[in-house]
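Next come two complexes, and both contain chain A; in the first it sits with chain B, in the second with chain C.
== the complex of A and B ==
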C-alpha cells in the first residue's frame, strides 16, 4: 500500500490519523476499519466493461482520493446550524451532523428510553452497544457496483445514527437525521442503521445537504432491518450543492410479514450514485421503494436498484421518477430477481422519465430475472416529453407555458412526495424543487 | 387426438437424421491463416477477399468473449476443434436433376415438396457451406431480381456486393461477426431493383450435417428504392454428440421507400451454439421487419437490429423464443434511431419449459439531435414449470425533442383456471397447456405468412410434449 518512496499517500496518511483518533474505540472496531481500508485500497476501480457502471461517467471516480479524508482538524460547530434542521418538524428525536461532527442531538423522550428504544450517534453506540453493532453494522453487502465505495465508507465512517426499536414498540412520529457538509474538498460518511424488532414500528427521515458552495464527497450507507411483522418507513432527501460528488448505498432486509417503505428525493450533487437493494427474506413481506429526481445543468443521477425475492407470497413495488432539465443525465438500472423458492411473488418495477430539455439524456435499464413460475412480475419504463395535451389544457385556461410545465412536473412528483411521513419535510422538498426552477 | 400426436412424432424426427458425409473439400479442424488460404483457393476468391478474411481473423483473435454480460457457456466453445469449411461440390446446381439424391432426400425430409416449390418464388437451399440447389422463377429474374448464393454474388456482382458488404455489420462489431467475416461461406445474396415488388417470398433452408462443422453463412439483401421483398429462412439440424457452432451474419439494406421482411423459423438441435448477428439499415421511409422464431439450440444469441438512418424509417422486430430443458434463448432487438420521426416496435414473447431459460436483451437508442421518434417495446414471458427461468435486460437511452419511448415487460404462468376450463371440456392437461401456449403467441403468429405460422404452431406443440404431468 505504500508508494515507492516508502511514504504513505494522502489517503493512507489520513486513514492512519483516523485510526489514531479512535483510541477509545473497541479493538474489533479499529480492526474492522483496517480491514475495510485494506480491501478498499486493493479493489480496482469500476471499468468500462463493468455492467453495473454501464452509461455512468466513471472519470470522477478516479479523482475521489483528491478529496480531503483527513479528519484531524475538527470544524467549529456553530449552534446556528441547528436552524437548518427546521426542514422537518414532527420528529420524535433528531441528530444533526456537520462534516461528520455531532452538532446537535435532541433527547429521546423518556418513555421510549424506558421501553428500550436505542437512539444514538454512531460514535457513542460503538462504546455502549458494541455487541448490537457487531451483529448489524455493514452486514448487508453492497452488490450493485459500489463495493469499493462501501469499503471506503466502512474505513472512514465515524458518525451516523443507530435506531433500535424493541419488540412490540410502535412509534408514530419519525426520527430525524440531518447530515451537512461544509468544508471545501471535505468528505462525509453518513451512516444510518435501523433495526426494528418483531412487530415494532418506526419511521425515520434523513436529510443530506451542503452549507455553502464548497465541493465535497459524500459516501453514505443506510441499512434497514425489519424483523417479523415490523414496519419501517424511511425517507432520504438529498439536496447537496451541485459541486458535490455523492454515493449512497441503501439496503434493506424484510423479514416475515414485515413492511418496508423507502423513499428518496434526489435534487443535488454534480454526480450522484445511489444503489438500493430491497431484500425480501421472509414470506408475505412487502417492500415499497420510491424515488424522484429533478436534474438540471450537467448533473448526473445514477441509480441502480435490485429487488430480490427469496421467500414466497411477498410483494415488492418500485417506482423511480426522473424529470430532466439542461444537459443533465439520469441512469436507472433496476433488476427484479425471483428465486425458485419465491412462488406467488408479486414484483413490480416502474421507471418514468420526463425530458424537459432536448439535450438531457435518460437511460433506462429495467431488468428481470425470474426463476419461479407462479409469479406476477412486470416492469415498465417510459421516457417522453410532457404531453402536449396537458400543456394545451392549461394554456387554454390562461396559464403561461413555463408555469404549466412546472405544474406538470410538480404533479409528476407527487406520487413520491405524498408518501413522505413528515409533512414539513415533504413541504421542504417541494420548496427545494420549486427553487430549482427559479434560481 | 392420438392420431395427431403420432403425426407430430413423425415430424419431430425430421430434424434428427444424418447422412454419410462425403465432402470434396474439407478445410480440416481448427482456424489459422492456412484455413483461410484453403477456403480462398477452393473458392477461387480475389485477393481483396483474402485480405478481408485475414484482417477479420486478427480481429476475432484479439476480441475477448463477451462474457462480462453474456453467459459463461460461451467459454465451452472450443474453436480449435471446429471444422470451418466443408463443401460437397463447389458449384451450385442449376438443374434439379443434377442435385445428388441424398441431398434431395434431405429436402424431402425437410419438407420442401414440389407443390411448395411451385408456390414459392425460388428455393435456395444450403447443404453445409454451399448452395446446393438454386432455382428462381422466371417471373422474378426477368424483373432484374438477383437471388443467388452469396459466393456467386461475390463473383458475379462485385459492384453491388462490395458496396454494402460489411457496411451494416463491420467485422469488428463483435467477436462472432469477426469470426464469420474470416471464414464465411454460403448464405444468400438478393438484390431487388428500384420499384420492383417481389410478390412471393424468397426462401432458403439451411442445414448443418457434418459433425463439429460450424456454419458461417453470410447473407446480404439489398432492396433498392421503393422495392419490396420478403425473405424466409428455415433451419433444422440433425442431432450430434458434440457441440456445433452456427455463426451467421445477415445484412439488410433498405433504400428509400423500400420494404424488407426477413422471416426466420429455426429449430436447431439442442447442441448447437447459434450466435448470429443480424442488422438492417433503413433509409428514408423504408420499413424493415424482422420476424424471428427461435426454437431449439443449446444457446442462441441473436439480437436483430435496425439502424433507422433516414427520416420516417421504421423498424420492427417480432420474436418468439421457446427454451426447453437445457436450452438458453438469449434473444432481443436493437433499435438505433439516427433520423427524425423514425419509429420502431419490438414485440417479444418467450416461453420457458422445464429448466429452459429465455432472456430478452434489448437496446433502444435516441440521440440528442433527433425529434419525433417513437419506440414501443413489449416483452412477455411465460414460465411453464417451477424451475423455468426468464430474464429481461433492456437498455434505453433517450435524448432529443418530442421523442417517446415505452417499454413494458411481464412474466406470468399459464393460469390454472384456463387449464381447468379446458380439462372440463375433455382436453388432457398437456393439450390444454399446449393450447394456452399457442394462445399466448397467437397474436404474433397470425402476422406470419400462413405456412410459417402453421409450422410454428406444430413446433410449439412438439416442444410442449411431456412438459406437464
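== the complex of A and C ==
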C-alpha cells in the first residue's frame, strides 16, 4: 500500500510509529495489531448497497484517514483531570484518559485487590495479564457493518480499561472510565473490557467527551462477558462536541443465569455510529439494553442492534428512544434472532422517536428472525410528535411552551435515565440534556 | 375595577359549528357558581375556550378577569394571570413527576432568574397533599400516569391549591369519582373558597353540589344559559330531569 512517490501514506506511517512506540509490548500484541491493520487496510469501505449502512451518511467515512493517527508526539498530560471527572461519583475506582493517555488513576481498594479483582489500564494489562487478554480481547465479531472500524480500533488501541471480577465477588459501587478528546483532528480508541466470573457482580460507568471544540475521531469498543449467574451493569454517556465523528462497537455475552444491563446516553458527535450486539449464550440469562439520544442541528445518530438467542428460557429487552430537534437524523435498525434451540425465549425490541421538529428525520428498521417455535417476541417502532393535548395541559398550568416541550423530552428519557446506577452520572446526563436546549 | 370573571355575548365555534351562543355569565370573586346541563350542550367547550384551547375559536364576545380582557392572552399567560382549569380528563405526562411539574408551574410565576425555594416548596406541597389525602409518595410519580380517576381529580385540586388562582373552572371534577373521592375533592375545593377565589363548577349531576354548595346554579342548554337560580334549582333539576329543561327552552323559543 505505497503511494507512487514510494512514501507510505499518513495512516500507514502513523501505524508504523504506533508499533515502534510499543517496544516493551509482548510480541503477540504487536503481531495482533499488524494483522488488524492489514485487514483494515484491505477491507473496502461500506457501500450504499450494504444493508447495514442503509440510510447512513457515508460521506464522512471516506475522510477518516484525514484525521491524525500519529500518536508519537501527543501532548504531555500536565493537568489534574479529576475536576473533569466529577460528573460521576464512582466510589470504587476510576481511570481517566485524555487523548488516549492515562491522565489519572484512582487506586483499587486493597480488599478488592486481595480478592483478585483486576482493574487496570489496558497498556498495563497487556504486560501483566496477557493470557487473560488473549482469551477475551477483541474476540467478538463486529457483525453489524463496522468490521473495518473494529479492525482500525484493534490496530491503534492503546488505552482503555480492563475490569475482571473473580468468582463470587460482588462490588456494589460502580467503576468509572472517562475518555476525553482534546487534540485537533485527533483520534481516540476507547476500549472497555469487563469480565465477570461466576456469580460475581459489578457495574461500570463510562463517559466520552471533548475538551474544547476541536473535531476528532473516536472509535471505541466495549465488550462485556457475564459468566454463569453473574451481573454486569454498564452505562455509557457520550457527550463529544458536535464536530466529532464517533464509532462505538458494543458486544455483550450473557452466560447461564446471568444478567446484563446496558444503558447508553447519546448526546454528542456530528455523526455517531453505534452497534450493539446482545448475545444470550446461556439458559435463563437476561439482557436489557436501553438507549436515549437527543439530536439537534445536523447531527446523525446511527444505531444498529442485534439480539441473538442461542439458549432457552432467556429474555432480552431492548428500548431505544430518540428525540430529534433541528434537521437532525436518527437511524435505528434492530434485529432479534432466535435459533431453534432457544425455546421459551422472551425477546422484545422497541424504538420510540419523538420529533421536535418536522424537518428532523427518524428512520426505523425493526426485524425478527425466529427459528424456535415456542417463543414470545415482539418489535415495535413509533415516530410521533409531541402530543398537543399534553402541551395544552401544561400551558394551562402557566408553563411556557418551550419549558413544556423540554419537560416532555426529559420525561420521555426518564425510562432510560432512571436505570443508571450512578446517581451523579444520571444527574450529570440530565444537565447535559438540559444544556442542549439552552446553548 | 370589578372583581369578577365576566363573560359577555361569547360565541365559540369548533370548526364551522357554533357551540357556545351569545353566552353571558358573571362570577364575582368569592362566589361559587355551578353550571349544569345535559351532555353535548357546550359545558366543556366553554371551559376549554376560557382556557384558550386552540381548537375552540372565539368568534365574538368578551371575557374579562377583574376588568381585563384575557382573550388576547396565550394559554400559559391566562393561567399565570390567575385562571385555572381543572380538566375533565387530565393528561398523563410520562416521566415528569408531580413535584417537578408543579414546580415548573410555580417557577413560571417567578421573575426571570429567580428560583423557587426548594424546602419551602416541598413543605407547602406536602401540607396540601396531606390535606387532600394524597400519599406523599405521589410526588415522585409521573403526572397522572396510571392514576385512578379519583387520584387524577385530587391531583387537579392539588395543582389548584398550589397555584392559588383568582378564578377556577372545574370541568366535571366529579366524573369517575366514588363517594369517598368525591368528598375529599369537595373538601379540597371548599378549603380554597373565600374572598380570593371565584369558581365555576361544571357538572352533569346534582350530587357534587351536595358537597360544594354553590351560590348560584345555572342551567345550560344548547350553548347558552337558560335558567339561573340558587342551589334549589339543582335539586329541582335532579327531580324533573333534563327533559324539563328541553321543554321550557323549546316553549320559550
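Throughout what follows, the second predicted complex is superposed on the first by the 437 of 439 C-alpha atoms of A that agree within 3 Å, B and C clash if a C-alpha of one lies under 4 Å from a C-alpha of the other, contacts with A are read in each partner's own complex, and residues count from 1 in each chain.
Just so it is clear, a contact is a pair of C-beta atoms (placed from the backbone, for glycine too) under 8 Å apart; a residue touches a chain by one contact, two chains touch by 3 or more.
These numbers were taken from a predicted model, which means no experiment stands behind them.
Trainee: On chain A, do chain B and chain C fit together or clash when superposed?
Mentor: Here chain B and chain C can both sit on chain A without a clash.
Trainee: Applying the touch criterion given at the start, work out whether A:372 contacts chain B, chain C, both or neither, answering first, second, both or neither.
Mentor: first
Trainee: A:297 in the overlay: touching chain B, chain C, both, or neither? Say first, second, both or neither.
Mentor: Neither partner.
Trainee: Report for A:113: first if it touches chain B alone, second if chain C alone, otherwise both or neither.
Mentor: So A:113 meets neither chain B nor chain C here.
Trainee: State whether A:414 touches chain B only (first), chain C only (second), both chains, or neither.
Mentor: second
Trainee: Name the chain, either chain B or chain C, that contacts more residues of chain A.
Mentor: So, of the two partners, B touches more residues of chain A.
Trainee: Once the structures are superposed on A, label A:45 by its partner contacts, choosing first (chain B), second (chain C), both or neither.
Mentor: After superposing on A, A:45 lies clear of both chain B and chain C.
Trainee: Let me test your reading of the model: by the given contact rule, A:398 touches which partner, first (chain B), second (chain C), both or neither?
Mentor: In the superposition, A:398 touches chain C alone.
Trainee: Mind working out whether A:389 is in touch with chain B, chain C, both or neither, as first, second, both or neither?
Mentor: After superposition on chain A, A:389 lies in contact with chain C alone.
Trainee: Quick one: minimum Cα-Cα distance, chain B versus chain C, in the superposed arrangement, integer Å.
Mentor: 15
Trainee: Could you list which residues of chain A make contact with chain B in one structure and with chain C in the other?
Mentor: On chain A, no residue contacts both chain B in one structure and chain C in the other.
Trainee: Going by the contact rule set out above, which residues of chain B touch chain A in the complex?
Mentor: Chain B reaches chain A through residues 68-69, 368, 371, 381, 383-413.
Trainee: Where on chain C is chain A touching in the complex?
Mentor: 51-54, 74-76, 78-80, 85, 87, 90-96, 100-102, 104-105, 108-109, 142, 159, 163
Trainee: Could you list, by residue number, the parts of chain A that touch chain C in their complex?
Mentor: Listed in rising order, the residues are 387-390, 392-401, 403-404, 407-408, 410-415.
Trainee: Would you tell me which residues of chain A are touching chain B in their complex?
Mentor: 49-51, 54-55, 340, 343, 353, 355, 358-385
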